[in-house]
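This report concerns only the one structure given below.
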Amino acid sequence: MSETIVIAETRDGELHPVTAELVSAANNLGDSTTIVVPSTNDAAANSASSIAGVSKVIACVGDCFAAYDAASWAEAIDSCAPSGVIVCAASQNGKDLASRLAARRSISVVQDVVGIDGGTLTQPIYSGKAMQNLSLNGDAAISVRANTFAAAGDGGSAEVSVMNQSADVATAVREMIAKASERLDVAEADIIISGGRGMQDPANFANLERLADTLGAAVGASRAAVDTWEEIPHSMQVGQTGKTVNPSLYIAVGISGAIQHLAGMRTSKYIVAINKDPEAPIFKHADYGIVSTWEDALPVLEAELKALLG
Amino acid sequence: MGFQSKGCTLRGTGDKMTEIAVLVKRVPDTNAQILVSGDRVDLSAVKWVMSPYDEFALEAAMLHKEAKGGNVTAITLGNADCDKVLKDAKAVGVDRIIRVWDDSWSELDSNQAQSALANVIRDLGINIVYCGKSAADTGAGSTGPGVAERLGWASASNIIGLEFEDTGVEAMVPAATGNARTGVSLPAVISCDKGFCKPRKPNVKGIMMAKRAQVEVMSSDIPSSSVNIISHSPPPKKAPGQTFEGASEVPRVVAALRNDANVI
Amino acid sequence: MAYEGLDFYDIESQLSEEEVMVRDMVRDWVDEEVIPNIEEACRDGRFPEEWGKALGEMGVLGMTIDEKYGCAGMSYVAYGLVCQELERGDSGLRSFASVQGSLAMFPISAFGSEEQKMHYLPQMASGEWIGCFGLTEPDYGSNPGDMITRAVEDGDEYVLNGAKMWITNGTVADVAIVWAKLDGVIRGFIVEKDDVGFSAPEMTGKHSLKASVTSELVFQDCRIPKDRILPNVKGLKGPFSCLNNARYGISWGAIGSAQACFHSAKEYALSRIQFEHPIASYQLVQNKLAWMLREITKGQLLALHLGRKKDDGSWFPEQISLAKMNNVDMALEIARMARDIHGANGILDEYPIMRHMANLESVKTYEGTHDIHNLIIGRWITGIQAFTRTV
């Protein structure tokens, strides 16, 4: 298990920073790391060559990389990547590609790796309610979650070899459609940002909506907000007599944390509370409590998230 | 078109019926408590259900049949305990139910499971396979693209919209910069996200049909496994809650959400 | 969180696959469509029409009747499970299904002519036509044998006169099964909504079963063609055999109400903190919860065993009396106890408790009052009827 192949993550032809994290993961698995950079040209490969700890960069160049098409990408990448353990990002396309590559080589695929310790890989199962620890006895394709490994530094100068590929695409993008910024339902969303009576005016929910757009979140509300303001519909209510939600992140703004509200969101994986009253019961249940008015806290939050998520 | 040159003939609805398959998996209810006892998860007390995304795949398969004709075969992989998900599929109207298994198998890794499924799908003369974007137990999402690769077929994953055409489908596939309206020619594997259709409910007549339906059991050659499950463990304990004073601490919380909690 | 019924003794292991599937089908529907809307329906005093249609689409109306008539031919245990899940939503909803299936469709299937079966049953199974059952009269409740409503022959017709009271679904019914005396003998008649001389005004002001329609049936020289008599039964046996089926369903339904109350009480007790601890951590409260679980579990075993006997035909009516009486009694007691555990919150319509409690007061009375069932069992034990003094 010495050779490890990182399949670079790209966005719009540019190298995605997560690639440097994949290099760290790969270096934990083997002693020589090759990056394969799929693209329509070799620009991204050239930037990959400066990642530290990489022994070789292969620019896998082909027209098929203009848009994601699992079959042709797998075919083209497979023919330039040497054998060894393949490391992809656990992004939507990265996981898809890892599965394709593994199947193409008739090896196993291990998705969503969140830890590599010696020969032991760890992945969440049952939506994170348990972890599975496993070892590989042969080649495999794995996908690694972002933020699992520190990004490898730069200062490398690996040699770039260009390999031109031509694979027939099996699917054709007919049109790109801008994502409608339709509001997610709280019952469906993985991130929820809810406002309570402390928002003082329904118009102030616009602040929460902007944040929700940045986060891809749904906007929820406490019952006091729903009961007080006609503009806030019951469909947004979280709690015992509203919806029971189970997102990975729940942000409660100006909500005191009454038992009936908690009944609907207590099982959220992470809870953030913004409330001006340090004694508010919600703080007992928050993973991260911020004692502040929302007027002060939300602008900072919005700026931070914008910077992070664009 | 891509893979036709490699020997896969395209079978549209013209002279031949569309053979539609849907892959359904039995998983613990997503609300079930998952306990680890010893070094394995203990699933003895959980309630089992059809994996939620598979319900959308099943609906897509039924809609495909209604739009373009053909037959729908529901396929699962597993021992006889998994018959129930096939019966559930039968109760909403699939034509045929098949369980892929061999009593010499125990737990299969992705390579083995996909090989077995792909072999059966090939033998059945299927032209389009629907599956859920990921199964609620592993959350991996490997099966759809993996099976497609083994068959040399096109695939589209995580789709959030679907239209049926005479020689393929048009799928809405989420991408970083928007949603891609994507044409997919048959044969293909389509893995489905939720939301674009409403899974139909069974009724008593469907349930009585399911009662009488026979599960066909099929086996296949499989490769050897290349992963070793060492153990299962409970998830790492969350750090105790922290409280920060003032809006100036917001950046620290954002950093923690990203780096410690991994939720944004 | 998806609802999972209390199943302390693993009753589920005794059910067939299709029985579980039917139960889960109805359970999901009740969670999605009924529970979020029931309070509004009660406030408006209205049975949502679409629920009747949905029951028809699911195929649970008259589901034990033969497939030949558009029904499902399923087991009585499956029917019981359906009643259980419906009544977990609301007793009014279960009443609708009981009346349609056991009280209106069953007599047609058991005592009707082939033409009557073919004409009415498929339309009733689909929920297209709603049925009701008219036995009780203003002056004759527990004692229907002395009913006043009468039919007389007149050429090609029967002419009905009299009035029925407390008739579930009456106002909304397309088809009424009416029990009336013809030459002094109780006979069943099929009266249709538009028949001349027939009206069905709704009774209002109920504090119980608010989401169920209850009506009077008034017959003033109501004329129906001769082929609307149920040819194959005479005497009290007719209505009583319908009641046997409905009572059996109630014995399951009550478990559903009890489960809803138990579930709510358990959740509430775990989250309500008084004197620094959840009230569920106090022995007095645990005693109440343990008692609820005990009674529900016994009720389940009773209902299941009775259901299997219904299916193999080895039952007798007194067994049904026992199950109806016991299970409604325990459910009502559980509702009251759950109300207590919820404290003041227990009286709010935010919780299902008070609604179930009020509903169960009707359930205790209809289909044979609690004490009438005691008398039925008493007669079985002693051989002495105690309904009236003239032995």
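Per-chain numbering from 1; labels A, B and C assigned in written order.
Keep in mind that, in the parts below, a residue touches a chain if its C-beta (ideal position, glycine included) is under 8 Å from a C-beta of that chain, and two chains touch if they have at least 3 such contacts.
Predicted model, so just to flag it, every value in this text is computed and none were measured.
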Chain separated most widely from chain B, comparing mean CA positions: C
Identity of the most central chain, Cα criterion: B
Interchain centroid distance [CA atoms averaged], chain B/chain C, Å: 41
Chain A and chain C, separation of their C-alpha mean positions in angstrom: 52
Whole-Å gap separating chain A and chain B, where each centre is the average of the chain's CA atoms: 21
Multi-partner residues of chain B (at least 2 other chains): none
Where chain C touches two or more other chains at once, by residue number: 1
Interfacial residue positions of chain A with respect to chain C in the complex: 240-241, 244, 259, 262-263
Partner chain A, residues of chain C touching it in the complex: 1, 267, 271-273, 350
Interface residues, chain B side, partner chain C - complex: 29, 31, 47, 84, 87-88, 91, 201-205, 207-208, 210-211
Complex interface listing, chain C residues touching chain B: 1-2, 4, 16-18, 21-22, 25, 28-29, 57-60, 63, 67, 72-74
Chain A partner contacts - residues on chain B that touch it in the complex: 1-3, 5, 28, 30, 33-34, 36, 41, 109-111, 114-115, 136-150, 152-158, 170, 172-185, 188, 194-195, 223, 225-236, 238-239, 241-251, 253-254, 256-259, 261-264
